[in-house]
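Before anything else, here is the set of structures, which you'll find just below.
There are two complexes below, and they share chain A, which is joined by chain B in the first and by chain C in the second.
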Partner chain A sequence: MARLLDGPDLAKGAESLQDHTRRLGPVPALDQGFIATLGRTGATGRGGASFPVATKWQAVARHARRDVAILVNGAECEPLSKKDRALMTTRPHLILDGAFVAARVLGARRVVVYIGERHSVASRAMQQAVAERPASERSLVSFEAAPARYVAGQEAAAIHLINEGIATPTTMPPYPFVRGIDRMPTLVHNVETLGQIALIARTGDATGTVLITIAGAVPRPGVLEMSGTATVGDAVKRAGGSIDGARAILIGGYFGSWVDAGSAANLPLDAGILRTKGLNLGCGVIGVLAESRCPVCEVAGMMRYLASESSAQCGPCFFGLRALSEACIRISERGSNHEDLNRLQRWAVDVRGRGACRHPDGAVSLLQSAMKTFAHEFGTHTPHRATQQIGAA
Partner chain B sequence: MAAKHFFIDRIKCDGRGLCAELLPELIRRDDWGYPIIAPGPVPEHLLPLAERAVEDCPLLALTLRQLEARK
Partner chain C sequence: MDSTLLWYTTRGAGAVTLILLTAVVVLGILSTLRVESSSWPRFLTTGLHRNLALMTLVFLALHIVTAVVDPYTHLGWAAALIPFSSYYRTLWLGLGVISFELLLAIVVTSLVRGFLGHRTWRAVHWLTYAAWPVGVIHGLGTGTDTWSAWMLAITAACVAAVGTAIVIRLTSGSADPLAAHRITFQSAVDRRESR
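== the complex of A and B ==
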């Protein structure tokens, strides 16, 4: 079965349109019946929310009156994720195929490619790839740079930037599938999701794989394409590491959960199955925390980052995450204490669900998973000597 | 008539707290002054107060809505 990263050596960079078409053949002509095919494959979005692809297409099709727009999301703002850049840099035409299939099936006359402003190699590869496409496709496309802020990749923030130049989330509804780019119903997909769609368009099947960024205490951190039936332990092994030497695994990155290494080992890299266990594969980050690291300091660093990345629009997120982060830092720097532990528990519950976007929800989910997985460390933490830095955020 | 739920535009809301004063049965304030709404629909007998809270919100951040499906 075809996979996203099949084809020439990835170290050679972007596959040209000619090589890409020779390898995979042209995309067949498709109509709205393709939405049913997407539904049959059960494909879900790979930007973080794992939302069913076919449901999004149906929603855009239902609201389409005149024009619709396609937003190709390559913002990749998650600090630990590299997989979107890897795909844009090596297989840009797979992403563009997916975007143009969507444009044809849904009748879009505008395709906006939104790429993180610091992802210059990926951005050049995508621009070069667009330049290779026929004029009928090229003329639909424009590029927008996503600011290097955590929330800039959120779909409403992306649309806000494209429409008004401000990459902050907006209150929903209206949802993008009703009113997005230039008030048009807009299909927003992560670049990996579009790559999957390009292969489904050719074969009728999803690849059954996910792109994983493996980060932290492994000899070969980086991007892997893994089968959805493989486990977290398999991914760690493929990166040259061993789960036995790990204290815990971060599944789903900053929007995910900390899981005890022993329990994480046999979890499948399957968003649907993980969800039944209350976990979120998110954008596919697997972070490995070494036994030697202090989890409390690591979590304090992450919370400080997430608080600083609030777009400061909604009170519960701006003030709540700041208070949570400060309580974590107090525990990390001065040692565990009941008052702060109680505040963390209470505030985490209070803050959830009370932002225009899900930034605060992601932050408190991460914290709650950490307080469970590292309950012992949070309960007994004592300050380190001045030489140890707070975790790498 | 379908049940009504409170909806807060979190970007507009500035935590002035009038809603919580008018309707402590359903709305309390967090440690930073922002409203926390009790889950579920507004009970029938509280609807007049709920409508008053909507009208009195100085930032027009509070509305009563019949729930929409996500997609």
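== the complex of A and C ==
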């Protein structure tokens, strides 16, 4: 079975169009029947929401009265994720194949590639790859740089930047599949999703793999391509680490959940199965928290970051996340107290669902999972004498 | 059921509805003010506004249902749902029906706001300024207890509360407590200059 990161040594950088085509063969001619193929494979988006790909394509096709646009989302604003950059840097033509398959099937005449402004290596690889494509494809493509802020990767924020030059989330509806880039129905896909689509276009089958960024307390943090039947424990092992030496695992990154290392070990890297357990694989981040680190300070740092990343458009998100992060920081700096613990429990419920985008919801589910998994630490925390650095796992 | 009990419930629920609705409207009008403390973050005010609104609907439903099922009145469901279709105090009951339906529209659009878009929701929400006074006039026109001292005091207090809130809102300008933070954030994601 073909995989995303098959082919030449990844350390050599981008695979050229010539090598790519020689290795995988050309993309077969496809029509709207391909949407049914996508549906049969059960492919889901890899940007974080795990939304079914075929449903998105159907929605765009249904609204495609005039022109359609494709948005290739390589903003990768999640602080712990590296997999989008890894794919753009090493297999750019896989991503472009996926984008041009979508353009042909849906009749798009515009493809916008949106890459984080600090991801310069990935951006150069993608621009070089576009330059290698035939003129008929090249002429469709333009590039936009995503500001390096958390919400800039959100689809409505990306479209807002492309249309108006400012990457703030907007209210939905209108959804991108109704009105996106230049008011056209727009298909927005994460770069990994497009890579998966490129392989489905050739084989008719899903790869069954997922790109994982493994971060934190492992000897070899980085990007792995794992089978969906492999477990969190397998991923930690492949990164040279051991789940026994970990206190907890962050599944799904900053919008994900903290899970006890013991219960995380046997969880499969499958968004659908994780969802049935109330977990979200998100953009595929697996963060390993060492026994020696303080979870409370870790969570306080993450909440402070997420609060600072609110675009200050909706009151409950801006003020709610600020209040929650301040309560976390008070516990972290002054020690556990009932008042703040109760506030965290109560306010988390009050903030959920109260923003135009899902930013507050993601932050709150992270906090709630942390308060469950680290209930003991939150209840007994005392300030550290030397300030422990708080921040990413 | 004892029809006297129903009749008392109708009147009581009507009075409670007026008080709750007034509280909702006052909180809504004053929501643009910067009211917060470390134990009361600003977003709780809007949460309270929403929950009180839902509770208002519950008492309003009680008010309407007990009035309709009361065998003494013979109002019928049509009179409760179609404005000015009641044989009994056609104008005053009709105003009550209109106020109820406006509130229903406001609450339903708020519950499905995510599907509706901000602009549509906001347009409908402006109907509050019609629903509240129409409801007050309905009470003044047809309330059994309207001219008793205690009900007069409640109505006067409600009118004074909303009036004061409107004056505070108008005189405090439209200070948006988010504005400064929004500008700071937007400057970080704004690429209009460089295009």
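Everything that follows uses one rule, which is that the second predicted complex is superposed on the first by the 389 of 393 C-alpha atoms of A that agree within 3 Å, B and C clash if a C-alpha of one lies under 4 Å from a C-alpha of the other, contacts with A are read in each partner's own complex, and residues count from 1 in each chain.
FYI, a residue touches a chain if its C-beta (ideal position, glycine included) is under 8 Å from a C-beta of that chain, and two chains touch if they have at least 3 such contacts.
These numbers were taken from a predicted model, which means no experiment stands behind them.
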| item | value |
| --- | --- |
| Side-by-side fit of chain B and chain C on chain A, or clash | clash |
| Touching partner for A:323 - first (chain B), second (chain C), both, neither | both |
| First, second, both or neither for A:312, with chain B first and chain C second | second |
| A:161 touches, of chain B and chain C: first, second, both or neither? | second |
| Which superposed partner A:222 touches (first chain B, second chain C, both, neither) | neither |
| Partner chain(s) touched by A:55 [first = chain B, second = chain C, both, neither] | first |
| Chain B versus chain C as contact partner of A:354, first or second or both or neither | both |
| Touched partner set for A:7, first chain B, second chain C, both or neither | neither |
| First (chain B), second (chain C), both or neither touched by A:171 | both |
| Partner touching more residues of chain A, whether chain B or chain C | C |
| Where chain C runs into chain B (options 1-9, 37-45 or 73-81) | 37-45 |
| Chain B and chain C contact sites that coincide on chain A, given as residue numbers | 171, 173, 313, 315-316, 319-320, 323, 347, 350-351, 354, 356 |
| Residues of chain B defined as touching chain A within the complex | 8-15, 30-34, 36, 68, 70-71 |
| Residue numbers on chain A that touch chain C, as the complex places them | 145, 147, 149, 151-152, 157, 161, 164-168, 171-174, 310-313, 315-316, 318-320, 322-323, 326, 339, 343, 347, 350-351, 354, 356 |
| Residues of chain C touching chain A in the complex | 36, 38-39, 41-44, 46-47, 114-118, 177-178, 181-182, 184-186, 188-192, 195 |
| Touch list for chain A against partner chain B, complex | 55-56, 58-59, 170-171, 173, 175, 177, 313-317, 319-320, 323, 347, 350-351, 354-356 |
